[in-house]
Amino acid sequence: MLTLTLLGLLFLLILGIAAPFLRPERLALRAVHGGVGGFALAFGIAASVRVVAGGEVTELELPLGLPWMGAHFRLDDLAAFFMAAINLATAMVMVFADGYAARQPEPARALAPLPVFLAACNLVLLANDAFVFVLAWELMSIASWLLVLANHRDGACRHAAYVYLVMASLSVLLLLLAFGALAGAGGDYRFAALREATERPALATLAVVLAMLGAGSKAGLAPLHVWLPLAHPAAPSHVSALLSGVMVKVAIYGLTRFLFDLAGAPSWWWGVALIVVGASSALLGILYALMQRDLKRLLAYSTIENVGIIAFALGLSLSFRANELFDLSALALAAALAHVLNHAFFKSLLFCGAGVILEATRLRDIEHMGGLVRRMPYTSLFMLMGALAAAGLPPLNGFVSKWLVFQSVFASSSLTDNLPRLVVPLMGAVLALAAALSAAGFVRAFGLTFLGRPRSEAAAKAVEPGGAMPTGLALLAGICLLLGVVPVLGLALAESAAHGVIGVALPVGAVGGIFLAPLGTGGAAYAGLLVFLVVLGLALGTRALLGRLWPERRRRAAAWDCGFPDPSPATQYTASGFSQPLRRVFATSVFRARETVDMPPPGDERPARLEVRLVDPAWDWGVEPLRRAVEAVTLGLNALQFLSIRRYLSLMFGALVVLLLVVAAQQ
Amino acid sequence: MNALPLILGFPLAAAVALAFVSDHRIGARVNAGASLATFTVSLLLLVLETPEPTQIAFIDDFNIYLVVLTSFVAFTAAWFSAGYIAHEIETGRLTPAHLRFYHAMYQVLSFAMLLALTANNIGVMWAAVELATLTTVVMVSLYRTRPSLEAAWKYFILGSVGIALALFGTILVYLAAQKAMGPGMEALTWSSLFAEAPNFEPELLNVAFVFLLIGYGTKAGLVPLHAWLPDAHAEGPTPISAVLSGLLLNVALYAIVRFKMLLAANGDALAPGPLLIAMGLSSLFVAGLMLYRRRDIKRLFAYSSIEHMGVITVAFGMGGPLANFAGLLHMALHSLTKSAIFYTIGLASQARGTQQVEQIRGLTASHPALGWSLVAGTAAISGLPPFGLFMSEFLLVSSTFPRAPVLGVLLLIGLLTAFGGLMLRLHGIAFGEAERDRRPLVGSLIPVYAHLLLILIAGVFLPGPLVSWFQSIAEVLG
Amino acid sequence: MFATLAYDLSHMTGAMVLLAGFAVLYQRRLLGVLRAFACQAVAVAVAAAWQAYSQEAPHLYVTAAIALLLKGIAAPVALDRIVRRLDIHRTVETAVGIGATMLAGVGLVVLAVLLVLPVTISSAALTRETLAVALSVVLIGFLIMITRRNAITQVVGFMSLENGLVLAAVGVKGMPLVVEMSVAFSLLIAFILFGIFFFRIRELFDTLDLQSIESFRGERR
Amino acid sequence: MIQAAITSIGLQLLHFMVALASAPLLVGSTRFAKSRLQGRRGASPIQPYRDLLRLMRKETVLAHDASWIFRITPYLVFALMAAAAGMVPMFALDLPLASIGDLIAIVALLATARFFQALAGLDIGTAFGGMGASRDALIGSLAEPAVLMVAFAVALVAGTTALPAIVRFVLSGGVGVEVSLALALIALVIVAIAENGRIPVDNPATHLELTMVHEAMVLEYSGRDLALIEAAQMLKLLVFVSLIASLFAPWGLAVAADGFDFAELLGGMAVFVLHLLAAALLIAVFEVSVAKMRVFRVVEFLGAAFILAVLAVVFRFVTDVS
């Protein structure tokens, strides 16, 4: 299977090279999206079968890459699980893309990098030595960079792409250092060798920190997340879906691979670090999403939140592992992986839906949307499911993985290290807060976008596109519902992957039947199907019963609105208005949110204005000072370009004398 | 048979011949043809067994691939220059009279570089480098514009001082060798110097190395000796910029590394590593920061050349099998990549009629093939996969960190800084709304494609012989 | 340190070269600079001739001749012409004060000595002292180039730097290619003189670049 | 086997009936007690039944802009509340539905109800609806984590989040008086008050713009839809009351593991009624003795609950030595 997969990746690369030369463009679009989708589907199904069936670990070595080492590939449970997750999501996004991409200004630009991107992502999962891993990782970054640049004529988009590229190469360099620290000066970069690596403990510690930074920045963990809310929205929507749904997952795979596999036995602080970072990322991400008006940026920030949740669960699993509570560690890891799977689907769904809205209205600012539920019923239904999933509410899949995470949090009382014992509940509280806020956030996102009365011409005239786009949405939404109602499907994958990594299976009944009982029968259980059926049954039953008792009489009339209905849509609550209480409570300190109200005096005709300003601290205290520093330094150094020859000679002379002095001192 | 006489003979003969060819089209053809001939005979080196070292010239693992590389790039540059120069004639920036001189000088230059590479005598090598300097000086001043004259003058003055210091270093090396080898030509001959190096006088060797480092370092454009380089690249004709960046810097580095070998062979001499690392890091940082404010596209990539010379110097300064391997690989691939980049920006600046970055916007939109080649080249030069320089930077960074963490972090910061600067400019050049007037592309992109293909292959797979050469040299370098 | 050079004539000449270098540093008038330099060149020529005689190396006579004719006579005369032709004001314009440069020169000499002291000098090669002298002459030549503003003084600095080279080269027993190198160097010097004529440069390295800043202003920002 | 299934289903149905029947009574008696405490005569405790019945019969008036979300919300919310009510033990333990989800699931069901309620509030596009939804989002964002933390604390005591298991644990007397449980109780009570829109968080008896939260969201509902929503609201109060009761004072619950034991069931009923009356009385007393808060004071109120819950958990971790 490994060989076949590699061949498939080769085909993808060839497809990517051939794509620019395919004419006509329509055909090229078909070919690329079809090809990528097809391969992704094949990979995904094969991988999921491989995971559930639990096949052998297969390895392969090719005479490529570093001459004295060769290129190593390996397919184990963890890699297979991630392959399944990202490829299945990709396949469905491609269905959507087939309808969506053609409507883009320059579809050809997002074409060639697409197969390369998928190939690189899979290659990262299959890599079995540091060189191939880092190469594929960077290749993934480049391909996605080109995808982000698809509408390069927009200056903001170029800026986003630039920031993204620089941050990506920072993460690669950090990973380089990490691998270097593990491999030592010997230069044996095979993973097998890294596992046995017995370096100075200081270096090993350094390696873990660097890996967390490197992979974390790619995954969008705070405070290295600054690129994500820029790059993900800037891309065409199907690409945004891939970035948030797929690439981020690959980054998480890198983190998992390094911390659970390569770095050896964990020490207690690894988990704590990840837990704290994860929880704070989740909270910051969702809070910022709550303040956003740009729909796609909102979704991007919610990605940061979900990555935070995943990182939290990973950290929990590490802490359990450090205390040799292997079954709980497996549970937490399974929870994290389950959330990886679920987020891959519902975030893709949401981004694709945002793409549909963008196509139908050319709007990204939810302040100007509204009333779309009546213009585009299908999209609104699918987006509602996506919102429910992202808000972590039953019966969608988002709830299942959050439920599992909380279950593993509740199990954390059996930790023996003291700091984790104290940190976990506190951070768990933060996570609970984030979960609640995400519900509020998606009420806002969905409600302001689809409900109420249209706030602009464009929204009022929106037309729901047909064809491949809704189909793709339907597929994604269907999967989200399926994974929510029959959680066993998703958890079976996650569980066996976690089993493969930790080496301990979850207790009996964890994945058996419709009941999800992670801590074994008798413990807490969740049966998504039953909950769904009961609620549905109660709703329909009530309706039928009441209809039978008293035949219903309905009448349409103007809204009552406490007796003072106002025809102007402007009187509706706006996105900023909706989030104002939350902003006042949470954002005044963290994001230095400020409101400036300009209320004209009586008799003045001009409208009152309320301006809201808020900043992402990571940007304002991290990137901005750096930029200024570089600006200042370069300005100073630039003088070097304009000295006189005599001064240049003096530099030379100085260098000579200094070196001579050094030598004299040496002797 | 021995291919060396041919390799050195062809350019010389061509130079003489070209001095008498007045028609620039024929001249260009002869120029390209001669370079092709040189390249083909240089390929003989790979198939024939390596010739015995003579008084004049010798071949070993270090310079064999450099010779091939040099003749190859010289050939592609000549090929590219044919089209380029024709266009310059049309636009009237050059006159046929200039070109006669130019083509002759071109061959002299390639002769000088090949001689410097193959010379078995440090004196001859020095002379060859000086010859190369003088020829490039006149080439840089070819346009006779005020800036080009100024650039040439700056280059000439700094270059001659560097040359002088290098000569002093050479004399000191001879002096250091005296003790072991006595008077005579032997003490200037590479092939015998290596044998005796352990018995040299370490103190003299140290002083000598300082002078050689400053002298040849000036040619290699290491900060703070780099001042001539950006202007010379920016003001000269583009094929010469390509040759300067691609080859002449390599030649200078080659000299430095050769002398480092002597020090490495001598136990008592102080380790030159720290000196090299200091120079290299300063080049990396200064050049990387200078990238941010460049407006002239050729000067931009000239600074990137300085940066890469810095990286290579750091690699050799670190020493050890991995770092040395990385340095050698980086040397070879940088010359291929950078020359390709200069071809593309030459064509770009011709197609847009300017070298100003602001006016070369949206290249991928206006000239897709050219623009994407530039993007690919820039990606390659900034060490992005799947191109070869990724491998060398991977080896360098990851092998440096465990040995000297602080150095590794510094390297990371420097590389990232340079990357940021280059990419900032690239986004402006390659993407965005394109200028209205789109002149058709003149000249062919085939040399560019050839170079890019080579570095692409190098990124995925390195041929065995190359690896073995690199490794044996990496051993000797210590 | 001058006390150490007593008996050997080569030391004498070396010392003279060094002294001449200091003299060049010391001069405030261009013609004085030229004369001092001429003296240095002559001293170098004498040293070369002496070595030729003592080492029975006739080719060194050529070097001596070149030094004498080109640098001892031709160059000073040519420079003198330039001074009159372009009527460059006759006083040396210093970038760094005379006294300071003198001190720096002494410092360089000390540095040279420090560098050379540990050398365990070997059979019949030139002695430590001569090496020290040559080294300091090179450094002082460089110093002249960067501390004086006039084109003339700067050329002179370059040439005296090269004098140091020749001093070292001829000193070494059986050093080959000395002649070729001095010829090659004469080429450089010729180029520079030509450049001065060509650009009518009053101040070799400064004014030109004031204009160059104009033309590279595109880089400012 | 079959027998057991039938009995358990019967029990569940009985449970549903009791819940639906007693919810209005709880509200009614609360209002009754309140008015008496305020010195008014007040409506009889069964007034809510009459209201619901009347609303059920009434014609439904839909705003022009109402979408399908507005239409389904009443049924959905009612169903979610009913499901939640079906999972919380009131007079008997071991309800079959209690096994399909634990405390977190119950909280999630309530959250889903809130989600749709808020959407319905936004649907018509009136200022009031938006205001209600926005404020409700604020309250919910603080109340839900508090409940989760309470669940966490209790789960830590009992070792599971499955409600029956917890109740069993409490019944078995496995817990003495614990600081963490006390804190959790206070937190849960505060949350219950907020969640049910009682004074001082919200005032169910007014339509003053400044004070409305829940009422503002349901402003556009009428007739049957309104009835359903009111019923759901009543159920919610019942759910919280019986949740608190079963977590902190479960004594007397019918442990109907095997078949109907009528004596036990009757006992459970009696206890249940006692609980209801006590709750009604307490709420009434509380509401007449405090004043309505400003919206942003509510934040501090709920924040306190959240902090208390977190403290409960932390205490639990500190004391727990297992």
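Order as written gives the chain letters A, B, C and D; numbering starts at 1 within each chain.
The rule is simple: contacts are C-beta pairs under 8 Å (C-beta built on N, C-alpha and C of every residue); 3 or more make two chains touch, one makes a residue touch a chain.
What you see is a predicted model; the values in this text were computed from it and never measured.
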Chain-chain pair with the highest tally of contacting C-beta pairs: A-D
Farthest chain (mean CA position) relative to subunit C: D
Whole-Å gap separating subunit A and subunit B, where each centre is the average of the chain's CA atoms: 44
Where subunit B and subunit C are represented by their mean Cα positions, the distance between them in whole Å: 31
Geometric centre distance via CA averages, subunit C-subunit A, whole Å: 68
Whole-Å gap separating subunit C and subunit D, where each centre is the average of the chain's CA atoms: 99
Shared-contact residues (touching 2 or more other chains) in subunit D: none
Multi-chain contact sites of subunit B, meaning residues that touch two or more partners: 153-154, 157, 161, 165, 203, 207, 293
Residues of subunit A touching at least two other chains: 638, 641, 643, 645, 649, 656, 660, 663, 667
Topology of the chain contact graph, where touching chains are joined (line, ring, star, complete, other): other
Pairs of chains satisfying the touch condition: A-B, A-C, A-D, B-C
Subunit D residues touching subunit A - in the complex, by the definition given at the top: 56-57, 59-69, 72, 75-76, 78-80, 82-83, 86, 97, 99-105, 108-109, 111-112, 114-115, 118-119, 122-131, 133-135, 137-138, 140-145, 148-149, 152, 155-156, 160-162, 165, 207, 209, 219-220, 222-224, 228, 295-296, 299, 306, 309-310, 313-314, 316-317, 320, 322
Subunit A - residues contacting subunit B, complex: 63-68, 130-131, 134-135, 138-139, 142, 149, 152-153, 155, 158, 161-162, 165-166, 169-170, 173-174, 176-177, 179-181, 183-185, 187, 189, 199, 203, 206, 630-631, 633-635, 637-638, 640-641, 643, 645, 648-649, 651-652, 654-656, 659-660, 662-663, 666-667
Complex interface listing, subunit A residues touching subunit D: 370-371, 373-374, 377, 384, 388, 391-394, 399, 403, 406-407, 409-410, 413-414, 421-422, 425-426, 428-429, 432-433, 435-437, 439-440, 442-444, 446-448, 451-453, 515, 519, 522-527, 530-531, 534-540, 542-543, 546, 549-550, 552-562, 565-566, 569, 571-573, 577-582, 584-585
Of subunit B, residues touching subunit C in the complex: 121, 123-124, 126-127, 130, 134, 146-147, 149-151, 153-154, 156-157, 160-161, 163-165, 167-168, 171-172, 174-175, 178-179, 182-185, 188, 201, 203-204, 207, 231, 293-296, 299, 356
Residues of subunit B that touch subunit A when the two form their complex: 153-154, 157-158, 161-162, 165, 203, 206-207, 210-211, 213-214, 218, 224-225, 227-228, 230, 270, 275, 286, 289-290, 292-293, 320-322, 362, 364-365, 379, 382, 384-386, 390-391, 394-395, 397-403, 405, 408-409, 412, 415-417, 419-420, 423-424, 427, 431-433, 460-462, 464, 467
